[in-house]
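Two complexes come next, and they have one chain in common, subunit A, joined by subunit B in the first and subunit C in the second.
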Partner chain A sequence: MNRRREAVLLALPATIALTVLFLVPMVLILAQAIVQEGLSDFAEFLTDSFYLDVLATTLRVSLVSTILSLLIGYPVAYYMARTSSGFRKVMIVVILFPFLVSAVVRSYGWMVILGTNGLLNQLLMAMGLLSEPAKFINTEGAVVLGMIHLLIPYMILSLVAILQGIDPNVESAADSLGANPFQRFLHVTLPLSLPGIVNGCVLVFTMSMTSYVTPKLLGGSKFRMMATMVVQEVNVNFDYNAATAISYILLAAILVVQVLLGISTQRGMARLGGGRDA
Partner chain B sequence: MATLELVHLRKEYKRVTAVKDLSLSVADGEMLALLGESGCGKTTTLRMIAGFETPTSGKVVVDGKELGPNVPAYKRNIGIFFQNYALFPHMSVYDNVAFGLRMRRVPPEETRKRVDEALAMVRLPDLGDEYPRRLSGGQQQRVALARALVTRPQILLLDEPLSNLDAKLRVEMQVEIKRIQRELGITTIIVTHDQEEAVSLAHRVAVMRHGEIMQLGTPEEVFDHPSSPFVADFMGFQTFLRGNCQGQVGDCVAFNCSGKRVLVEKDMAVGMEAGMPAILAIRSENISVRPSKGASEGEQGIVSGVIAHKTYRGHATRLEVTGAFAESLFPSIVGRCDLSEGDEVEVELPADSICVYVEKGQDAN
Partner chain C sequence: MRNGQVNLFCKTMAVLVMAFLLAPLVVIILASFTPTQVVTFPPKGFSLDWYVNAFKPSNHFVSGLIDSLKVGITATLVDIVLGVTGAICVTRFDFPAKRALLGFFTSPMYVPSVTFAFVLLQIYSQIGGISGFFRVLIGHLVIIMPYIVRNTVSILHTFDWTLEDAAASLGASPIKVATKVTLPLIRPGIVAGAVLAFLYSFDEVALTSLLSTPRFVTLPIRLMNYIELTFDPTLAAVSTLLIVASLAIIILMDKTIGLDMFLK
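Our next item is the complex of A and B:
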């Protein structure tokens, strides 16, 4: 009992801070929006193809960024979890390094590289592969690229944490039982690392859904995602209630995807492991 | 089943050589123990046989066919039992055991039949639906054994199979492993650091040190006639005396140890000649001790000393006797022991069970 009381006390400061600074304002803006305009802003968002398009773009960019981060990050994480070489420390530093630089600076970095007269265009033209500059910046591709660069450390660190916990002998056991490297991955490593995959995907997906700086700087003025819409409603249109509606719809979209992800993980783990015999 | 041959096997890592020039052959159906302290190269040897490590040089040959780097672990038909069992935590007991058969595309009906047989063999017929984390250590071990055997491997490798079990279960599983190995007649290598485990399970024992085999022989040979003071120490000899050979006396060879004469039967001291420095090793249970009567000093094989320490160990009492030689004697008494520290005692050294080694210099241990 004493333990439990200690735990409650320890959680108290964070709980108070979150309630006062986050939960209460969330409830207040929702209450204000509903009192002032009912649910009309929500209805407008969900029926207007312009807004639905923004939601679709946000979901698409986030899903693509998440999947690519997973595909690129998994081999890196696996290597880091299994190697004992000193190179591992170098990799951790390299992966953590982006955290030391803000998203703004990193996006500017990409602007320098991807711009019309940027490094990439100059390089490709010098090599004779392009006769005139191609449009890299202000595209959805640039946003996805920036997003992956920004968020992949979260994916890798989530995966390393779980992969390190998988006993290498369990993989060796699969080897000795005749599983080729692909079968071993499919039936042993992958199902055992699913919790890390889900964790990494939830982090990357959520941060991508709510990101503002990257789409703003790399997507250009006409590229809109949910977070940039919220800022636009507040700063340009002064429509706080519309901003509230967009925020809540964004929140709902994130929760729905997370729940779906959680359910499919549990099913996947069971399916990849076992089998049925006569 | 199969024969296994290791030919001049060597494994170097960046900083250490784990295995140096190791050669041995295991007969069809034989169980061979690799016995040694941690870091002696026994596990590395096992991993090279399984295909988890590539030898720096040398060959692993099974049934006359070399298993080189072009035969990765999953293409070898070798069952391995891991020290920590390494069961698949996300699969039921049934799926764990069935895994190897599914990977080999055994038809479902046969898979079911063979998994059931394997679980019956390790006496766990009703636990197929359980998950490993819900099983006791002993049950997990049985599952691991069933999983390794269900694919009918040519060779079975056991890596410290009993070290994670408590004493009672260990004896039980020792019997079980021996029964299954003899029943199936499967060629087996067991790696262990426990000499008792090695001699009670295996047909032959290879004592390893620093990546080399120090002695390879039957359990009796290794246990009773260790080939070097190191092996003797490892096999539980505790008393080591330095001495000088004085030549043959009747059916015995005499040694001068700390000014006292110790006799050793001729066939225990083959090759010893007068003047050679020697180390005499004696097993604790072969030394007998009785209270001093003051008369028998000087009698054949009897010396007197004082009990310096007495340690009760449950099944036996271990004594340290000083004053007889420069080195201490360590007799062990089974049953009741009325002697206490400080008592003067007579100690009898048995001429027929002293192992003699030529001393090769200060650190020739």
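Our next item is the complex of A and C:
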């Protein structure tokens, strides 16, 4: 068998499957929507304050979750990359473990803790800090908390991958040249770890942009993000035109982030299972 | 700040984040054994009632599990064939379009699953007559494929192709070369990809909630529906069983392919 034929034969199964089941449907439905309705659905989305609010909420939650994940995750990743103790192994297990547990289960855990009759309210009332239950659940804060819980492992793993590749001698050199730990971080460690930061941020940001489970369970029925909005338009409002506009605008937003920042991230995304439901 | 303080700060953050990550899981496990409807601490006694409840046919968790396994295992097995052949193609041979082809094989990763689900939904309504299992299967098949392709590609980058030539020159047929030389050596990458792909399918909610039919409902959707109607510790019991299963998977992966695989 010549090599050319072998290459074509190997490429065929995946190419045919993805073309028929993925590429053609994606293009066909977009084309149909544009032919039938023109761009009016998209225009409606971008001028209606209700939808713009959904988009703004989605962007805000994603941005806040990304920044907090980075700030909290960085020192953890740094410690993981620099320690060789048995604790490192424990950390890998603890970080990978919740990441194998479904988002529904993890959100449910937070519902038990944050609910009106939840453990946090019970604790605060027993301590006399609250006289009646506070509203923790069904708030944007609860969604951000759940999102960080879900996505910080991706951030930490992206950072560790880069940080453990930085030679500790480079940092020692900065020390011996008189840099204090802050200067060393700012001028040596931070710039060298930039690829890991970009990688982790793109992962966390795109996953929270498309998140469905966390906003639905921790945000309550009145809290809307892009993905929950698509499902609501289809299953509750039966408004397919709106659903088309929202889903393609969400796709466009993700592609813009990927193109602007994500060229370096392809590898990390797939290795860690990025793009999963948050 | 001195170096010692930096170290202490990082270590403290690490311990706090570990506690934060485990907290909801610990709470769920404890909640599954409480006798009361509302979870209290300290628990008022011990009971296995919620576990009994979890297996009641009227709650549909067992049938949900079966549907989840059906779709997850089928999608993963089909994708191992599609993904591994595709991955070998783009690493073994040199041709101009190989980067583009790899990009195509991993492209579903960049499309929000809810967008793709909505597209499929419209295709299905135009074609009609597709059973619940196939509606969900096609969706899962596409969105999990990138994980198998990428993990296989990354292990193939370290594979020494001259081993194949050596086997062939010793008289092995192409099939024998593939099954006795190449596949055994790249197995860790395929297994890692397959485990991630299966778990993605097993936990998938957004896509499945648009595509499932009343007769085919996966476990995560059953859990979501249950939360909306009844909020009792039955969910904690089901969740605890899922947590135990995840723990088993992580121990198994550590023993077979090693967890450091995920840090590279």
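In the analysis below, the second predicted complex is superposed on the first by the 232 of 278 C-alpha atoms of A that agree within 3 Å, B and C clash if a C-alpha of one lies under 4 Å from a C-alpha of the other, contacts with A are read in each partner's own complex, and residues count from 1 in each chain.
Quick note on the criterion: a contact is a pair of C-beta atoms (placed from the backbone, for glycine too) under 8 Å apart; a residue touches a chain by one contact, two chains touch by 3 or more.
Note that this is a predicted model, so its numbers are computed, not measured.
**Student:** Taking the superposition on A as described, I'd like to know which of subunit B and subunit C A:Leu39 touches: first, second, both or neither.
**Tutor:** In the superposition, A:Leu39 touches no partner, neither subunit B nor subunit C.
**Student:** I'd like to know which partner A:Asn180 touches here: subunit B for first, subunit C for second, both or neither.
**Tutor:** Touch partners of A:Asn180: subunit B and subunit C.
**Student:** Identify the partner contact of A:Ala31: answer first if only subunit B is touched, second if only subunit C is, both if each is, neither if none is.
**Tutor:** After superposition on chain A, A:Ala31 lies in contact with neither partner.
**Student:** Between subunit B and subunit C, which makes contact with more of the residues in subunit A?
**Tutor:** After superposition, C is the partner touching more of subunit A.
**Student:** Please indicate which partner A:Val230 is in contact with in the superposed arrangement: first for subunit B, second for subunit C, both, or neither.
**Tutor:** second
**Student:** Just subunit B (first), just subunit C (second), both, or neither: which does A:Pro191 touch?
**Tutor:** In the superposition, A:Pro191 touches subunit B alone.
**Student:** Name the contact category of A:Asn169: first (subunit B only), second (subunit C only), both, or neither.
**Tutor:** A:Asn169: touches subunit B, not subunit C.
**Student:** With the two complexes superposed on chain A, say which partner A:Ala56 touches: subunit B (first), subunit C (second), both, or neither.
**Tutor:** neither
**Student:** For subunit A, give the residues common to its interface with subunit B and its interface with subunit C.
**Tutor:** In the superposed arrangement, which is not itself an observed complex, subunit A uses residues 175, 180-181, 269, 272-277 for both subunit B and subunit C.
**Student:** Name, in rising order, each residue of subunit A that touches subunit B in their complex.
**Tutor:** 167, 169-170, 172-181, 183-184, 187-188, 191-192, 269, 272-278
**Student:** Under the touch definition given earlier, write down the residues of subunit C that touch subunit A in their complex.
**Tutor:** Within the complex, subunit C contacts subunit A at residues 1-3, 5-7, 9-11, 13-14, 17-18, 20-25, 27-28, 31, 38-41, 81-83, 85-86, 88-90, 92-93, 95, 101, 104-116, 118-123, 138, 141-143, 145-147, 149-151, 154, 174, 196, 199-200, 202-207, 209-210, 220, 223-224, 227, 231, 235-236, 239, 242-243, 246-247, 249-250, 254, 259-260, 262-264.
**Student:** Show me the residue ranges of subunit B that touch subunit A in the complex, using the header's touch definition.
**Tutor:** Subunit B residues touching subunit A: 50-52, 72-80, 82, 84, 86-92, 95, 98-100, 102-104, 108-109, 111-112, 115, 147-148, 151.
**Student:** Note which residues of subunit A are touching subunit C in the complex, please.
**Tutor:** 1, 3, 6-7, 10-11, 13-15, 17-18, 21-23, 25-26, 28-29, 32, 72-73, 75-76, 78-80, 82, 89-98, 100-106, 108-113, 115, 117-119, 122-123, 149, 152-153, 156-157, 160-161, 164, 175, 180-182, 209-210, 212-213, 216-217, 226-227, 230-231, 234-235, 240, 243-244, 247-248, 250-251, 254-255, 258, 266-267, 269-277
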